[in-house]
Amino acid sequence: MTLDVERIRKDFPILSRRMNDKPLVYLDSAATTQKPSQVIDAMSEFYQLHNASVHRGAYALAEEATALYEGARQKVADFIDAGSAREIVFTRGTTTAINTIAYGWGLNNLKSGDRILLTKMEHHSNVVPWQIICRHTGAELVYLPITDDYLVDTSDLESIIDERVRIVAFSGMSNVLGSLGPFAELVAAARAVDAITVVDAAQLIPHIPTSVQALGADFVAFSAHKMLGPTGIGALWGRMELLEAMEPAEGGGSMIRDVQLHESTWADVPQKFEAGTPPIAEAIGFGAAVDYLSALDMEQVRAHDIEITRYALDRLAEIPSLTVYGPDDSAARGGVVSFTLADIHPHDLATILDHQGIALRAGHHCARPLMQVLDVPATARVSFYVYNTIDEVDALIAGLHEARRLFGVS
Amino acid sequence: MTLDVERIRKDFPILSRRMNDKPLVYLDSAATTQKPSQVIDAMSEFYQLHNASVHRGAYALAEEATALYEGARQKVADFIDAGSAREIVFTRGTTTAINTIAYGWGLNNLKSGDRILLTKMEHHSNVVPWQIICRHTGAELVYLPITDDYLVDTSDLESIIDERVRIVAFSGMSNVLGSLGPFAELVAAARAVDAITVVDAAQLIPHIPTSVQALGADFVAFSAHKMLGPTGIGALWGRMELLEAMEPAEGGGSMIRDVQLHESTWADVPQKFEAGTPPIAEAIGFGAAVDYLSALDMEQVRAHDIEITRYALDRLAEIPSLTVYGPDDSAARGGVVSFTLADIHPHDLATILDHQGIALRAGHHCARPLMQVLDVPATARVSFYVYNTIDEVDALIAGLHEARRLFGVS
Amino acid sequence: MSLEELYRQVILDHYRNPRRSGSIEHPDATAEGNNPLCGDEVTIEVVLDEGVVTDAAVRGRGCSISQASASMMADRIVGMSVEEIATLTRQVKAMLDIEAGDPGLDSDRPGAVLGDLEALAGVKQFPVRIKCADLPWTTLEEALASDVV
Amino acid sequence: MSLEELYRQVILDHYRNPRRSGSIEHPDATAEGNNPLCGDEVTIEVVLDEGVVTDAAVRGRGCSISQASASMMADRIVGMSVEEIATLTRQVKAMLDIEAGDPGLDSDRPGAVLGDLEALAGVKQFPVRIKCADLPWTTLEEALASDVV
């Protein structure tokens, strides 16, 4: 193992739990990861010692809270190699980050006939906000297909992308297939027609060492809770000039320069996009999470993902009548593996494995358009993170054999 | 004292802190309240034992998390006497709750010539979202003035409210003046012209025992962090039939019934309004906060507010050249007291008091339209909650005398 | 609780060989049910003659529990009156722990009342799956309610 | 740190009797600054003659620190060249701990260089207020930058 997983596991209190009298084997980190004590304690300590509203206070406690909150912004900026901490907008999560662009940029800039280009492997978070904005503006959605080896099909990109396309939005890493996006190609094609690019990086940032500057996209959205951080917070990174030009989605306190009865002017970036009291303790927990990941080293996190995923793919391939949906090439994918097993419905698989303490996900994974492409109603999905072990993969394989036995699958 | 404040204070770790070598005197609860260990620990415990994504998991841990999350919804519903837990939508806070109505109801229902009626004592959270929606729809804002005794002036209500008014939005309790809203009158007037009513209850719910059913309004928005709960969460209560008819603001996972490439259908209320992974730990902390307040008994909380506010108003009245902005009648106000002292700028007051460990707020309190009515650029503001004592008011008064001495004010 | 109790042979048999699967040309009552969180889907069509179900068809997709429950239900309700079905539905829901109170279940001879449906009893040990077993029954209630004129 | 050091008489005097308060009919350079978080506002207007400030006016509202800083600044810059003002601004910001490095402050005789402005030194003990003291200076920089053709 590249990471010292046994040591890491000690930081995660929940991993000592037993479920149904078996040790908990948590294989649903793509939904939400578990949290180390370092993150849990950072938030408790904030509430115990430094809690106050940020920015607006004129007293020392509020300054402490502000320094911690802005310090967290800097940590998140550094983690993704942003040019400046001001390019980090704290949001409620990936979903809110994408809605912020949809309402802030889309509602104010799109018109009838404009197009938004998505791929057929998007999470609903990167589909539904655009559908809503299309309804309001008359713009329309266009989709890139998926290749037989589960990657975004860019072979017709040139004919699909023209100056009607104003936004290109795609996932950095699919939460179903594990596929990594064709970043360079999509970014270049978008730039050629002056479209903005939005990367749904909910899975990308937690798993792949990423420099947003090198990525070249215009907006990158991600969630703290999928990278060891708390619920209730995520981030939208945007290129400064675009953030400066963009209208805010939400209005409220803290995002204004001046409010008159009939019109208002906005505060500078990033405050302009942070209406109301922000998720303060959550930002601090987010900062502690990226500290934790940086201390592990994201290159090592990636190496561990590759190692455990490779092992899982190889073991799964041994099981008769099991189908994996996703690329086999480790370099083209992250640590998310979707599969079906004979005619056993994924929910039945989940129940059978749950009985053995193994938590995996079954369903459409918020990607119904992709399920239609795959022509399955649902898949079972396992996903790995820094605390998962090879032994846990073995437990998964044993559980799948038990499912075969129960269902009489040969 | 009506509440056993000494015992209560023991639950709040931060209250043993010293600031500038003086005991912390926290008088900024209208901005955000401090948190009892019961709330802090409930969230830590969730992360240590039960953390998983809600609703979508097919395993026992996810069911535990879902039960805790939905249990919190029920607690919040009970706290405000909602007809059903389904009428509680968890949001990021009051600001997001109001934006949800602005975008969900306003953007889809308002047209040019329609009017939104506000009052001149609104927080920016209840002004700016409506300005944004007016820009998108062509609707316009109309304001009710303020009386000389700092209440919403309803004397011309009949001439102001007609069928052009589609929304009446007002604060339940002003965060600057402490004034309680003329609920019955505004609700009745709105109903007469079929307008919907939106109560910004960010200050109301924490301080005044409230039954949303008795209130009679259509939507009520509030924040957990102003009522002993965590940052990152609040609630929108809405009448079921309105929530059912209303479009969602944000799109994403969990809020859908089905997603096709070009259109989607929505999940039932309240999931329809909870796109993406919700603030799960925060909901659980919110539930613990309302448990704490219910155990104290909101009638007692209100009685304590009245007692300490009355004492503060009386002591402040003794100070020469000090002006209080807000009603004097205890029944017409909550525990927020704004004032100015001679020509000492509120920020200078805040600095001088901070030096003595006393945290108070100075500024426009996110209510610039109200500052123009009061004709001051800023006020100093103290605000009380369950942990504040008469001794702390005495410390405030001593601090104000020190400010007078430093500035040579007679 | 054991997985064998949940996945009894009769469940797997109904899952793999669903009875009355398909559709009816002119149904008197119909309803579509789905479980947005897990994706199970069931469509039910029935023909009614003077308050008695004379034909029924179901189709759908989903887990073994939801599909077996639908198949067993369809097989069972043909020949029953709407009132009898209402009683049966209450009994099934009680068995699944969805409805409290005495559903009028003859506790001495439950098998005689519920028959094959007894195989669903194992579900209540798996709370996550109760809604799967329940889906066809709730959908049937909707179908029959939609017909009431 | 003591409050007396922050609220020196000279600060209160400038706060209550602001120098060069008002406006100028035809300024060569002007800028408005404000501090959205605390609400302090300052407007600066200057007349320039061959790179030398020959007249200055300020108006605004805000706390004693921001308004006294503006008053002292206006009083001080008249007669200084743009380059001299740039040096002075750096010195003031260094005194307020805003800019690191050696600003060329003559540490033996700081009073001789900064004069009255030395009274602002107490602010650096009160981090919350540094931006108040700084506001006029940053606004002045903007005004002078706006004039550079």
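Chains here go by letter, A, B, C and D, matching the order in which they are written, and residues are numbered from 1 within each.
What we mean here is this: a residue touches a chain if its C-beta (ideal position, glycine included) is under 8 Å from a C-beta of that chain, and two chains touch if they have at least 3 such contacts.
Given the structure is predicted, the values throughout are model-derived calculations rather than measurements.
Novice: Which chains contact both subunit A and subunit C?
Specialist: Common neighbours, subunit A/subunit C: B.
Novice: Is the number of contacting C-beta pairs greater for B-D or for B-C?
Specialist: By number of C-beta pairs in contact, B-D is the larger.
Novice: Using only Cα atoms to place each chain's centre, name the chain farthest from subunit A.
Specialist: The chain lying farthest from subunit A is D.
Novice: Using mean CA coordinates as chain centres, what's the subunit C-subunit D distance in Å?
Specialist: Subunit C and subunit D have C-alpha centres separated by 80 Å.
Novice: I'd like the Å distance between the centres of subunit B and subunit D, where a centre is the mean of that chain's Cα atoms.
Specialist: 39
Novice: When the C-alpha atoms of subunit A and subunit D are each averaged to a single point, how far apart are the two points in Å?
Specialist: From the centre of subunit A to the centre of subunit D is 47 Å.
Novice: Return the residues of subunit D touching two or more other chains; collapse runs of consecutive numbers into ranges.
Specialist: Touching at least two other chains: 37-38, 128.
Novice: Mind pulling the residue numbers of subunit A that touch at least two other chains?
Specialist: Residues 56-60, 62, 256, 258, 346-347, 351, 354, 362-363 of subunit A touch two or more partner chains.
Novice: Chain pairs that touch, all of them, please.
Specialist: A-B, A-C, A-D, B-C, B-D
Novice: Show me the residue ranges of subunit C that touch subunit B in the complex, using the header's touch definition.
Specialist: 34, 36-38, 127-128
Novice: Once bound in the complex, which stretches of subunit A touch subunit D?
Specialist: Residues of subunit A touching subunit D: 55-60, 62-63, 256-258, 267-268, 271.
Novice: Quick check: in the complex, which residue numbers of subunit A touch subunit C?
Specialist: Those in contact with subunit C are residues 343-348, 351-352, 354-355, 362-364, 377-378, 402, 406-408.
Novice: Which residues of subunit B touch subunit A in their complex?
Specialist: By the definition above, subunit B touches subunit A via 13-14, 17, 19-20, 24, 26, 28, 31-32, 34-35, 39-41, 43-44, 47-53, 56-62, 92-96, 98-99, 102-103, 107, 120, 123-125, 127-132, 136, 140-141, 143, 223, 225, 230-233, 248-256, 258-264, 275-282, 346-347, 350-351, 353-354, 358-363, 366, 368-369.
Novice: So in the complex, which bits of subunit C are touching subunit A?
Specialist: Residue list for subunit C touching subunit A: 3-4, 6-7, 12, 16, 37-41, 61-65, 126, 128-129, 132.
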